[in-house]
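In order of appearance the chains are A, B, C and D, and numbering begins at 1 in each one.
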Amino acid sequence: MPATHDERSGDPAAETISYLGPAGTFTEAALRVAPQARGHHWKPVNNVGEALADVTAGRSRAAMIAIENSIEGGVTASQDALAAIPGLRIEGEFVVPIRFSLAVRPGTMLVDVRTIAAHPVAYGQCRRWLGANVPGHTHLPAASNIASAAALFPDDGDERAPADAAITPPTIRDYVDVEVIADGLEDNSTARTRFALVGMRRTVPPRTGADKTSLIVELPDERPGALMDMLEQFATRGVNLSMIASRPIPERPGSYRFVMDLDGHVDDARVADALRGLRRFSPHVIFLGSYPRADGAPVDVSSAYTDAHYAEADAWFRGLVDRE
Amino acid sequence: MPATHDERSGDPAAETISYLGPAGTFTEAALRVAPQARGHHWKPVNNVGEALADVTAGRSRAAMIAIENSIEGGVTASQDALAAIPGLRIEGEFVVPIRFSLAVRPGTMLVDVRTIAAHPVAYGQCRRWLGANVPGHTHLPAASNIASAAALFPDDGDERAPADAAITPPTIRDYVDVEVIADGLEDNSTARTRFALVGMRRTVPPRTGADKTSLIVELPDERPGALMDMLEQFATRGVNLSMIASRPIPERPGSYRFVMDLDGHVDDARVADALRGLRRFSPHVIFLGSYPRADGAPVDVSSAYTDAHYAEADAWFRGLVDRE
Amino acid sequence: MPATHDERSGDPAAETISYLGPAGTFTEAALRVAPQARGHHWKPVNNVGEALADVTAGRSRAAMIAIENSIEGGVTASQDALAAIPGLRIEGEFVVPIRFSLAVRPGTMLVDVRTIAAHPVAYGQCRRWLGANVPGHTHLPAASNIASAAALFPDDGDERAPADAAITPPTIRDYVDVEVIADGLEDNSTARTRFALVGMRRTVPPRTGADKTSLIVELPDERPGALMDMLEQFATRGVNLSMIASRPIPERPGSYRFVMDLDGHVDDARVADALRGLRRFSPHVIFLGSYPRADGAPVDVSSAYTDAHYAEADAWFRGLVDRE
Amino acid sequence: MPATHDERSGDPAAETISYLGPAGTFTEAALRVAPQARGHHWKPVNNVGEALADVTAGRSRAAMIAIENSIEGGVTASQDALAAIPGLRIEGEFVVPIRFSLAVRPGTMLVDVRTIAAHPVAYGQCRRWLGANVPGHTHLPAASNIASAAALFPDDGDERAPADAAITPPTIRDYVDVEVIADGLEDNSTARTRFALVGMRRTVPPRTGADKTSLIVELPDERPGALMDMLEQFATRGVNLSMIASRPIPERPGSYRFVMDLDGHVDDARVADALRGLRRFSPHVIFLGSYPRADGAPVDVSSAYTDAHYAEADAWFRGLVDRE
């Protein structure tokens, strides 16, 4: 297998980033597209909880975790952890398409495949292709989308390998000496997972004009209309939400918090204004950070809510009254 | 008649305040309850237009004008003038109950009354009492609620006075040597007129906790819901409106401006915030001033919108992000 | 003077309509443009209260009253009466431009004018023209804009007439044998008064597509945002307000009712829906009627709120669930 | 293993319900608490897609699927399927606590455990307990939370079983002849999964007073404030949302649909009114059904929005105008 991305030998100041391993997972694929992760030591861990514990304990500078629509589990755990652990900040978001390939030992033909190693969730998402192309096979469960490839080789002392083929990410050849004989096994070709690089730095990446800000907010009361009153804080400042999800608050049955992404950066006047308004509205606002959007699409701001417009209104207000 | 309140002889720095005269009108009664008017020269003029022209030309420091529910006319003219003349500011509001009395030459008895002098609008508001108590009388129109009392005395060279009785404010005895033989002639005993002292000073009276702020705002567009979007600027800051009236904009048929009073002072954080929001919402916001409420009733502010709460949210916001 | 418009002799079924007289007032001008008033007996009365009392007592079928921006007074009285007297309905609105002319006895020249008879409010609105064109004149107050013209003729037994000129509506020649020597005396040439024909019929004029509906609504509570919640009832149905004015409720200090005109007819699905919503929101909703707009301008309804769209949504809803 | 719940032999009319198998999964646990599932044939399938395909093809009358916070995967797949497949209706919701136990062959002691069979996601959620109580063990991946228990027994012809212990639901003894030697292995003891019984019946369960209605709605446009305008449809009818989640629309990048649960039943007047309003607001509203809440908590309806209040307002409206 290839070396992990550890340049610590060359750079003694290199920092560690924890991620759901082993190397080769979709989470690692997210690290590969994250400029912030380059030149750092990538530490594979077993789940989101361990990754975030590394961060809060100072063992790692950051963690890459799935936060939306994950194939590898843990999204609601991620959201709940971001709400529960004080001080976490999202430094960037990264979207990875979820594609599956069929890997074999070099030389194996599809007709020879009898046993297929696969993580059960991945296996569940390739049913249609498998039914059409490898009817009558046996499923050997694997602990991860990478561990499946290990089943193509005999364990020490064994003669036969446990599996003839493995369902893996398309990038498996970067990690294991296998051959990919089919791509696009996934039933849903548009599936993608959103990851976040999470740390505890209290600075924010500079504004790019194509930014996102993540928040978790509790409603101050449960009456109908309270959610609308919260959203008014955004609408009156021309701030668009690109994601909202309610999550029950475990300690307060019948109460909800809202995980939200809004278009814009905390350095945008309208976002700053909305944040202050939210804070007055609700005593429980968690600011999870501002960072560039994965899709790089510039935020379209109505002229009534630009920084220039805010500055103009502030100047107008200051000029209203003479102070003696 | 008594001297007007002119202390210029004693105080060469005394300023002039114009009002709808003559002395004795309800407008003058408003001046009498206005602390700001004490010690100044009060200049009677013929209508609101003249009073405001005195102010804009610098002939008077301020003008007292009726702005709501006036018996003496001119309310919509006042509102339109406040929208049209740049730089006017309301320095205080004063509410005067509208009461009418029947004044006669000393010695006249009610049974002797045949002709009653009265401003036509005042006359129209005392119909019930007059019908019950002086049936069969004749109405002699008068130019004002004070001019009516002048009709109790013969013109130079005449033998007989034009009228036997006059409808006047209850305070008429302060101005003319007459006797009041009946009070409470008005059909509607709850009628009251709201007056404003209007000048061009760009300072505001200090905050008292029982203040009002007056505005005129144009909607940026005419779609249904635009008015609601404007009111959202107040509601999201917990600001209550105590008065709203739409007025067609003469130059733009089908368009409206809104004359509004809100509870609070421009020095209240929530009012300042609402003003900035309004200005971003609409390019046409006229700030007419903050001033103590005539009724002295303290403004009840929800704890979510106090200055302390604003300061707390601002501090929270400033602490969100470390700046390098 | 011309006969009042009484065709009762010819038509025994002719009904009576009360209005603020005498014949020739702006209120009568409103009757002249009202199709509903043709062929009826027009009864001049002294004020809005008398006019409405005629209606509630059954002496008149309807009354014409000023409801916005009146030169003849009484607008807030009209609004308060509509709120206080149960069962009143507006059958139509009529807008009359407020213009003033200078009337004289035939042959009189402007240079000969010394004394001008005028209702005080009208006089106050012609100051600029009078100052420029008849400096040094004397004002003789008149009880109405028509009574002023009577001052051009001597009283019985007198030799001289009280006045040389009178400020009157432009139509004065239809009523009195006078000559008009100047038009357009008014300071504000855009002033116009809105009148309403008010009766107790519980039917509504048919929908024309250019209709208005008038309401008076009390807020259920006084918290900030209650007004916005009320307006939401309109905004969520795409209903535009063309007029709104707050009026204090005399019996409940600190409480307000709102006089409102909305674009559309009670037979429009979106208006019906808004009315039902308002009624659930507030226990105090007074429906004052639906009637054609004075300006005849068709109401522009977003496609989302047409009757067809309502019918489509109703059909969709009925089809959602099979009932056994 | 015990027989599946198939009473078809006794009742030839028994219908089939598909679920994510095998017997013993948390999804089957949801079937066990669903009164609607009693007496029917329960058909285990491999994933949500197969379960819903059974329903749409008529092979099953209904399917039990996870729709919130699932340990077994597929929640976003469920939500997307409900949006994509026309005619699906939720007939009931069922909440199952997610608890894990450690199962062994009878007689095995904890100290003897070396290899633990577990579904990878379940394994990930028991890390803390395993680290503290079985340090140094080996993880044998299993295809499901039930398949793990099969690893406690040797395959045909083998001498040794693949695993010494298995992570399973607490109910495993109902299915396999094993012994449970530890309960409460899960890191998060409050985790629970919400399941829905989904069919194509176009009737709805009767109103109980503790009901929920599920919807999927697309915004008609993407401007900021569109989401708030949608929520206004609920707030103006006093309808509370208990869940909301945005989901990107695959075919329209940058567009969102909203999966929502609201408190109340389609037979509640306020819910019916909100549904009609939503349909006018958005052309894309999917009604997923009304059904009793899993928690049985009665919906608290403000008196302004009860059926009686709706009926009163409707009666008021019908009485407003006499129709000839």
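Points to keep in mind about this one:
By definition in this document, contacts are C-beta pairs under 8 Å (C-beta built on N, C-alpha and C of every residue); 3 or more make two chains touch, one makes a residue touch a chain.
Chain labels with UniProt names: A, B, C, D = Prephenate dehydratase.
Since the structure is predicted, the reported quantities are computational estimates derived from the model, not experimental observations.
Path length between chain B and chain D in the touching-chain graph (shortest route): 2.
Computed centre separation for the pair chain A/chain C is 65 angstrom, with centres defined by C-alpha atoms. A separation of 62 Å divides the Cα centre of chain A from that of chain B. Measuring from the averaged C-alpha position of chain A to that of chain D gives a distance of 24 Å.
Annotation for chain A: residues 232, 235 touch two or more other chains.
Inter-chain contacts occur between A-B, A-D, B-C, C-D.
Of all residues in chain D, those touching chain C in their complex are 201-204, 220, 229, 232-233, 235-236, 266, 272, 275-277, 279-281, 285, 287, 304-305, 309-310, 312-314, 316-317, 320-324.
Across the complex, chain C meets chain B through its residues 46-47, 49-50, 69, 73-74, 76-77, 119-121, 123-125, 127-128, 139, 141-144, 147, 187-188, 190, 222-225, 227-228, 231-232, 234-235, 238-246, 250, 254, 256, 258, 263, 297, 302.
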